[in-house]
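A quick write-up on the structure given underneath.
For clarity, chains are labelled A, B, C, D, E, F and G in written order, and residue numbers in each chain start from 1.
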């Protein structure tokens, strides 16, 4: 009873500290991230991989409209998980900032720079009243100074750099898989395989080319590339990750 | 008891996250959409179809004033469901944005572009305090680059693309009907038939030309066309969808 | 108990959605409309009729100060029901908008155009915080393009077009009467008779020329005309609608 | 218990609608009016009469500082009842508006025009948040186009025109007296007598020249005239309305 | 229980009306006035007297810093009771307004004019949200047009004119004394005596020159004069009002 | 139970009056002052003394960073007690105001003038919403017109002038000591001795040069002088006030 | 029960005083600091040392992205503990202020000056409504006028100067260690050793070069230097502080 009353007190106010120093609205926003389908990022020796679960609610929905992988700039891609409408706002911000940087400094924005501009923006929504935090996590991957870089933004506005990570549903299980199988020296193709294996490890019915999204940015071309269905099918086949391909319908999923 | 108390906490505040990461005000706005009569969209090989239930509260009300199908631009139509006064605001926004795009770029606005401008606007009402979300869902159909496109906006501000969809009352049953009978290669006339059959599948007393609204935009003319009563009657007759045509009076319906 | 608690939650906040998708403040504003005396609108083949119950609290009050019929423009009249002070704000808005339209476009404002400018204004008070909705319904009648038009605005900000309608107290009973006796082809004089009969059908003591207000706008002159006591008496006599003319005193009525 | 809880809900919020469509803050402001001593207005064939109870808390208080009759313009007087500090704001507004009108149009402001400018101002305080309604009622009397006019403003911002009226304490009893004895054709002097008789009808100890305030505006001079103690004494004597003249001390009365 | 709950409702909100038409925050501000030591004003035939209780908490406090009598202009003095910091704001306002008036009109501000400028300012703090009322009452005395004038401002923003009055602690008892002994024709010296006698009537230990403050403004010089300790001692002696002069220490007194 | 509920009501709102006319937030701010270590001011015939307890939480903390004595201008010093971060804001204000005064009038700011500018600033935080009061008391000492002056500001924004005073922890006991031993004619050195004796009277372990701060402003030089450790040691020794000098660690003390 | 209710009252409002003069939101922000891993500062005779625990949640996370030591200017470093996103805002502020100072005065900003600019900024978030306090503590170390200086900022906005200190988790235990072993005359290398020993004293599994961050600013070069893994390894080895180097995974840690 006490716990509940206490919690209510924080729920009512805008983002304020609880007696044990937590920000409940930020933690609830993290729950909103977990309600979204999983997104994965893998950094390899020669590029970064973004892979997402594009599960849909109905066969009549266009999978292409499930926007979970976004090109932020030629050399930077972003995968999201959580509240879709919130993600769109941050993706728009990322694109604008990338353009501004290009115009102002005549060179592509750094991956870390872009990440921190986004997290600074997110942080404001956790400290100043009159708005709620963003209910979304982003995986930002790209090439900077010839090196692959992979970052995460969370609803608190903290930037993290990762070798490989997962956000959204089943995040814990996927991370366990990644920790066990990740090898820092792996090549880009192996990174795609790892990402799909990790995704498959929590999928009940295996993977289908249409049901997933995959993008890569390699150090050579420094160019965002979204894999075609054929390319995805080849990886699924080679990894024996295909499933029964039954339509996934989950009315309760926000995405 | 706990559940109720908890819920109250969120009800009182403006749109904030619940402990399980949901935005109650957005979900309640979705309930407002369900309180509106149904609207349907069908994308065919050569155009898109919008069909709506124009049920009225009294025979003295002018059915033409039940605004559920709107022309947003020559090549784009919008069907709405939910809180009528809210829908009017978004339709006005859509028309302004279409004009602005024409003026600025000298060409008609894309269907996806327009949809996303609307959803970005909707999203603001779910994150910044001092206002409630929009209690309306829109089906936005039109022709872009010679292709028929069909989108949905929901109260969270998320854009979805569909082959065929329903919003408003009986949404679930109508979607089941659409999923079972939809064929991506169907022609526009068949699309109208499908939309009316789906509408009739949940109507107790069948359809009448005055009780429904139907509009099409075909790829050839790229022009919004609202069907006349005669055209509607022909479709109803050919589909054997006519009902007893008794006046529908439902005091509790918001529209 | 649950219902009561739940309701309180919505009462406290400014206009927000209830779990079943309703806007309580808007619905309570509709109750404010019902607390006002009845107003009626009838559209005939050659004009529109507005008729109102001008019941007063005391014989010492000037009936002329019970403002329920207003001239908005030469060709448009408005009857109101509900919170009088709120109605005055919307009538003022209507008059300003009519003038602005005349100045800007050099022609009289359309009835539908004016109605929608008013409903857009009303809608803002139901979505943005810091104010309550308008507790008033308007019947807007006039001539546009040579045709009689009759609209309703309600506290949600929705515009409706009607052949004949009632707002305010006894709305349901009056509408029943109108639905039974309305004939779309009736002439203006018959429209006045119908409106008065409908009004008399819910009046305990019959009608008196001073106790009612009647205005017409016919398609020929396109001019707002408020009936004199003699004109009203003639209609009352011909319809045998006169009552005992005892003073109506109702302390609790807001008007 | 339910009723109490329900009421609390409305008390807490700024002026919002109750489930039965009432505005509690406005109704409570009406109670504030009733807590003030009575003010009376009478319209006669050749002028208007304002009469007020100037009861004081202590013989040491200057009766002249009990401001209940105010000259708004040469041809317009205002009597108030209720929260004195609020009344002062509206009187100031009235005087400014009268001057503005004179400057702008080169002619004295109309009584009805002035009344409605005041009620429009009052209405804003009942709809927009961040302030409470005005706890005062005004009786506005004057000459317009050679005719005596008499208006009331109440805390909701509604204007009423009266032949004779009372606001403040004992309003009901005084109105009963006025309704019984008022005669529309009475001359100004008879109007003063009626007003004083009505005031005396609820005074326990009769009237004294110092204990009341009386002002007239006649159609001939169109000039606000406040009666001297001698003039008031003559009316009191002729009407046999004198009392024991014991000091009225009522600590709880706000005026 | 009901009463308490009800009261809480009003306590929480900013100044709003209670169901019986009262403004609790204003009434509580009046309590803040009563918590201050007493101040007295007396109007005589040839001037006004201000007298205050300058009780202090500790012999180490400088009595001169107990600001209860203030010179607002050459011809106007102000005595205060209640929340000291609030009083300072109003005194500053009074001084600024007196200067502004001198500059604008080339003549000293009228006592009534100044009083009403202050009460209008106070009233704003009782109607518009975001601030609390002033917890202070002022006695404003001075000469206008050769006549002594004496006014009171209270936390509601109402101006009163008095022959003699008291504000602050023991207000009721002092007023009883004043009512019994006041004589409108008394000279200024007798006015000082009356004020000190009234003050002594509620003082347990009699008066001392240091423990009180006295100021006069006479009609001849029209100049604010604060009595010296010798002058005060003479009055105390002549009236036999001296006490044991024990230090008054009252930790709980806000002043 | 009642008392507690009542209190909660006031706690929740921003600074508003309680039914007995108190401002709880201001009183709670006074508690914040008491949580700070003691500061003392003594006015002597030829100067003022400021003395403070510089207790620290850890031997690793630099005592010089315990800012309790501040130079506001050459001739004015300020000692503070309470919430340190709040004190810094007021000290900054004092310094700016002293500079502004020097620039504007070409002469040093008066001690009383400066005090009242600070208290006016503090008062705003107790009346206007959106902020909390300052949780700090200041002792402002200096020379004005050749005379030593000593003032206090408290969280209500009231200025007091003192001969000698204490603020912060043990305020009551120290004041008792001061009242007993203070002599208005004492010289500056005796004033320092008195201040240290008073401080020692509540210190469990006596005084050490590092554990206290002392500053003087004498009438001759009119210059703020902070005593060196040697100077302080001499006073401690001469007064036999030295203690065991054990490190004082009090985790709960805010300073 | 009482305690809990009382506490809730404060939790709900923005930062206001509790009855005992505390600011709960500030104290809860201090709890947020304790939830962060430890940071340590040590001032030696010839420079300052900053050392931090860079514990990570997963071996896949890049330790370099755990930002706990920041270069604010060439001669100033900052270590943080607590809410990471908040820390970033203050670090950005520090860098901007350092640049502004350089531009404006042509010389490096003082360590104390910079600290106080930051604490003044922090204080605003504890007094003015509409935002929550910063949930972070900073250790600011640098060289000013050839002297090493070491400061702390806490969530209340108070600046403290230290010889050696710890913030974040295990703060009390680390301080005990520092108090016991600190020697003001120690050289920079000994300072690094002390900081690491203190850190090791609370680490279950000893230290690893990657798991910690160390930076120094010495008086000679006045330059921020972050130790390489080799340099850190040498210190760990020489101090025998190495642990089993098992990955530290602590899902609940915010950093």
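Simple rule for what comes next: a contact is a pair of C-beta atoms (placed from the backbone, for glycine too) under 8 Å apart; a residue touches a chain by one contact, two chains touch by 3 or more.
Predicted model only: the values in this text are computed from it and were never measured.
Note: Cα superposition of subunit D onto subunit G, rotation of 155 degrees, nearest 5. Subunit B and subunit G have Cα centroids lying 55 Å from one another. For the pair subunit E and subunit F, the distance between mean C-alpha positions equals 31 Å.
Counting partners per residue, subunit F has 12-13, 129-130 as the residues that reach two or more other chains.
Taken as a graph of touching chains, this assembly forms a single closed ring in which every chain touches exactly two others.
Traversing the ring of touching chains from subunit B and stepping first to subunit C, the chains occur in the order B, C, D, E, F, G, A. Residues 2, 5-6, 9-10, 12-13, 15-23, 116, 119-120, 122-123, 126-130, 151, 156-165, 175, 178-179, 182 of subunit D are the ones that touch subunit C when the two sit in their complex. Put simply, subunit F touches subunit G in their complex at residues 4, 7-8, 11-14, 24-25, 28-35, 58-62, 64-67, 83-86, 88-89, 92, 125, 129-135, 254-255.
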